[in-house]
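Note that chain A is present in both complexes that follow, paired respectively with chain B and with chain C.
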Partner chain A sequence: MTSISRDEVAHLAHLARLDLGAEELDHYASQLDVILQAVARISEVTADDIPAMSHPVPMTNVFREDVVTASLNRADVLSMAPAVEDDRFKVPRILDEE
Partner chain B sequence: MTEDLTRQSAAVLAAAIAAKEVSAQEVATAHLERIAAVDGVVHAFLHISSDSAMAQAKRVDEKIAAGTEVGPLAGVPLALKDVLAMHGEPTTAGSRILQGWKPPYDSTVVARLRAADIVILGKTNMDEFAMGSSTEHSAYGPTHNPWDLTRIPGGSGGGSAAALAAFEAPLAIGTDTGGSIRQPASVTGTVGVKPTYGAVSRYGQIALASSLDQPGPCARSVLDTALLHAAIAGHDPMDSTSINAAVPDVVAAARRADIRGMRIGVVKELSGDGYQAGVSQRYHEALSILEDLGATITEVSCPHFEYALGAYYLILPSEASSNLARFDGMRYGLRTGDDGANSVEQVMSLTREQGFGPEVKRRIMLGTYALSSGYYEAYYGQAQKVRTLITSDFNAAFANVDVLVSPTAPTTAFKLGEKLDDPLAMYLNDVATIPVNLAGICAMSLPVGLAPEDQLPVGLQIMAPAMADERLYLAGGALEAALVDRWGHLLIEEVPSL
Partner chain C sequence: MSQTTYVPFEQALKVYEPVFGLETHVELGTKSKMWCGCSTDFGADANTQVCPVCLGLPGSMPVVNRVAVESTIRIGLALNCSIATWCRFARKNYFYPDMPKDYQISQYDEPLCFDGYLDVTVETPEGPQVVRVEIERVHMEEDTGKLTHAGGATGRIHGADYSLVDYNRAGIPLIEIVTKPVSGTGALAPAVARAYVSELRDVMRALGVSDVRMEEGSLRCDVNLSLNRPGEQWGTRSETKNVNSLRSVERAVRSEIERQASVLDLGDRVIQETRHFHEDTGRSTSGRSKEQAEDYRYFPEPDLVPVAPSDAWVEQLRSTMPEMPSVKRARLQAEWNINEFELASLVNAGALDLVEASIAAGVDSVAARKWWTGELLRVANDTGVELADLQVSPGQIREIEELIALGALNDKLARQVFEGIIHGEGDVASVIAARGLAVVSDDTALLAAIDQALSAQPDVADKIRSGKVQAAGAIVGAVMKSTKGQADAAKVRILLLERLGVSE
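Right, the complex of A and B next:
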């Protein structure tokens, strides 16, 4: 397994929507490297024929009756929003300016 | 009752309240006064819910006065980990990104606590989003261990454990993703149980790693822990991973506390090197007590446990990076940089940069890496295979023994600041607790004495198969009773006064 470069860390930060500063990028590049090298040992035992386990509960497709119930109180929910307009969440611009 | 109400067990308080020897409001007041007196130095709480606590206590007193039937813990105060949503009360998960957020709904755990007539005193401190083993990753400052205020109370649920050890509450709720109930219990001389995965609903628990997270009960004795376990466990249609089966009778098991003929396995890989001398000493003493009580002790091998830490620190960050994507500053919580010029994407990045602390960012980055195209199979995929191997190790062991035991943590409480700058050293605290979460089985930590070299509590971990949670209480109850016989009291009685 390979080591992780500063550019890669910057790319990861972008994917994760973290506006990391230059100092943070250096810091995390070295720390992630150390952690990844420590955890990479698992490949010593993971043969191809071992099934992957995503979850401890062997259940699939848990259904319930489709019953109409009250939704959350709108005033309660909107009172916690950073910005509200006309009973809706107000968000920053989502399109680039032409 | 003339004695100090804050020194009583939950079982004793509940009986006294039901018998009208003391009111729920007097009990709540005594605990709120205790919090006011000592939480300045302990910092177990992030938020005290005095008004709602007193209102709930009043309702309980009215019910009892009217002769209405109440739950077995009616009127008993509880400290709630700040990762569980409580309608109208601040819920931050120890993060700045949720500062000031008041959930518009109750988590199932909170709904059940209310239905059980339990009095919630407030929200307890924790490592941010439950990432840590010391509470030092809380955005609101660390919690101090009541045994020694210069030391960590464990984590992530250090606030809940410290509240118990400081006699601020007789009951607490924690959540355990890799040891966050058990390791704090171990280092504070208290009891904590991580129930079987799916036994207690995760609905309304702010998710860290959804396939590992599990809420559970914390208290100062095995019986109190069992009473709380029974109050919160059981099927919930709001959690699709909730197990639809009868809850084992943990209270009866705690009361019976008989382990004659029980087969106990010592996990070889969790009993060797790497433990503090006093931890090993108290652990081995506890094993011989268990043997004296009529259990048979054999050594079992779980050869893949040495890979558990590596698998965990790939699976957890992967799931966490996905779960924490919801904190984007759009519908609730912090929003930063919304100046009219920045795009939504820039606002999200600025918000998350400001709102998350260093450990959260570290794990989000790690998870984003492990899940990214080209690395997914090499990291996340391989870690899932290790999970299968560890589960097979447990299954093989439980074919021959009823429960497994190990020390809960490698050391007693370490000093605040000691491991803060070394993420790997911090992660190693969880080496004995993590396999349980990977397999989804249940485990308890209970105190077995003070390490001679530092006079700090040592915890023993008992592990049982999925949906056999009652075995934890049988074994834990028996061991606790034998230790109380020996000491004349619970270990927690030896905590220095604050």
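Right, the complex of A and C next:
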């Protein structure tokens, strides 16, 4: 039976750059565990001859032609940024990365 | 922490065998981005080529660029790959501000093209050697935004705690070409790696799918490398990123062989890690530890339906394939009747297509090769640009050659015409007019110059009169000097001998 450990939740929180405290980790670990166990019931009825489905509609090859269309107005774009400098999005530097 | 003593390359190869692999990213030259209609033009003002799709705004939906898929299939065909009959895109999740969606759409275990090869030629002391580099996969993804860390191009200001992001590049179609591990090349490994990237670049150019300018980042390489002792299992590999020129590919392989050999010689273990290559030092430094693939939590991209190229589509694309560079080189070598070394010098200079185009424009084959690998290459090297970027056209070379044939220009003057063209002084006629470069063909003017030279050197004049014709060179030289090189030396010599009543 699937279950998610507190360490796994802590790892996922790190990947998503979420700062979770000890209590929050316990809280989410138990909640996620319930969700995973509910979803895991599906695996009880699947068989090897049924491929995993990723797309509910049997369509392929949906393309657009290589044509340039209008982009957004920059002032509008930058108005959504938390901070702006030099016409660019100003973001916190991620530590230990180039 | 920092490794300062490296085992010399030759010594490392006496003990260890290198195994390397290359991951090459190529930005496609489509007009619009991979999933949206934003322009891909290089050099636009920051954040002017963005829209809800490439900014990852809620509710926006990507749609695949048909030409990007076609270009990828053509790349796969050029690299002798099988083309998938059905494949999906995948979400690669990671949290970093270069991707506003917090994921990159890529392909995971279902690449569009797989199992190919590219034959490359390397020079060895025993002559050219062909090495087959096997291709693991060619897959489609999107480029990321460009981050500038506070502190500018040279690095960050100490203590600066922010970065600036331009999303113009986010969503530009990116192709990743991954080789299988290349083993058994020994001391040739750096040269094979370089030759592979160089050949790959030529293939992309021939296909017309990318401008493959390494200096603009439209072709970028990561080098995976490990060492092992003969007969032993392959060692732990490192991944060197940021290898962005042909010279750097060669240096990165060489440097990593030396570095790992020094680690192993001390009895230490090579760490599986990402390293960053530095152009200035030719060495790499340790980066963050490699994230495991599972940390990316790949899953099938729900917003894009699978791509399923039909046989008919693939065959139609196959019919658009141009002559491959290796085939073209062999053909031109035969057509121009040149040896391997002459061919290699043309290829290394990046002159092959330019010479071919010049000949097509009507320039004699010997003259075309002479200008492109002589004067023009010298200027390109002196100014640090590619030959193709000199802005000299095949038509201009033909015009200049025609003027030389008419006696209106000589080689020395022609070089000045090229200089004028390269400096943006206009076309051939305007440069000649503005710089006053026409050969002096007026006999009266030449005779006046000859008389002046004779009276300045009466002893030489006497020698020539007495039959020492070889002394004529001094007078011809003086005339060429006084006419600033704008006379035809052969004609000056004839006029001089006539003047003195001497025959050869």
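One rule holds in what follows: the second predicted complex is superposed on the first by the 92 of 98 C-alpha atoms of A that agree within 3 Å, B and C clash if a C-alpha of one lies under 4 Å from a C-alpha of the other, contacts with A are read in each partner's own complex, and residues count from 1 in each chain.
We adopt the following convention: a contact is a pair of C-beta atoms (placed from the backbone, for glycine too) under 8 Å apart; a residue touches a chain by one contact, two chains touch by 3 or more.
Only a predicted model underlies this, so the values are computations on that prediction, with no experimental measurement involved.
Give one of first, second, both or neither to describe whether A:Ser43 is in contact with chain B, with chain C, with both, or with none.
Touch partner of A:Ser43: chain B, not chain C.
Please work out whether A:Ile4 is in contact with chain B alone, chain C alone, both, or neither, and reply first, second, both or neither.
Touch partner of A:Ile4: chain B, not chain C.
Have a look at where A:Leu15 lands relative to chain B and chain C in the superposition and call it first, second, both or neither.
Both partners, chain B and chain C.
Could you say whether A:Asp66 touches chain B, chain C, both of them, or neither, answering first, second, both or neither?
second
In the overlaid three-chain picture, which partner chain does A:Gln31 touch, first (chain B) or second (chain C), both, or neither?
first
Go through the superposed model and pick first if A:Asp87 touches only chain B, second if only chain C, both, or neither.
In the superposition, A:Asp87 touches chain C alone.
Could you tell me if A:His55 is touching chain B, chain C, both of them or neither one (first, second, both, neither)?
A:His55 sits against chain B and chain C alike.
Between chain C and chain B, which one touches more residues of chain A when both complexes sit on the common chain A?
B
Return the residues of chain A at which the contacts from chain B and from chain C coincide.
On chain A, the overlap between the chain B and chain C contacts is residues 15-17, 54-55, 57, 59, 62, 64, 72, 77, 80, 83, 89, 91-94, 96.
Sort out for me which residues of chain B touch chain A in the complex.
My answer: residues 101-102, 104-105, 197-198, 211, 237, 240-241, 243, 304, 307, 309-311, 313-314, 321, 325, 328-335, 338, 340, 342-350, 352-353, 356, 361-362, 364-366, 368-369, 372, 378-379, 381-389, 391, 423-424, 438-441, 466.
Can you tell me which positions in chain A touch chain C when the two form their complex?
Per the touch definition, chain A meets chain C at residues 15-17, 54-55, 57, 59-72, 74, 77-78, 80, 83, 85-94, 96-98.
Using the touch rule from the top, collect the residues of chain A that touch chain B in their complex.
It comes out as residues 1, 4, 8-9, 12-20, 24, 28, 31-32, 34-36, 38-47, 50-57, 59, 62, 64, 72-73, 76-77, 80-83, 89, 91-94, 96.
Report the residues of chain C in contact with chain A in the complex, numbered from low to high.
Touching chain A from chain C are residues 30-32, 36-39, 45-52, 55, 63-69, 86, 88, 93-97, 148-150, 156, 160-167, 242, 276, 287-288, 295, 297, 299-300, 302, 304-309.
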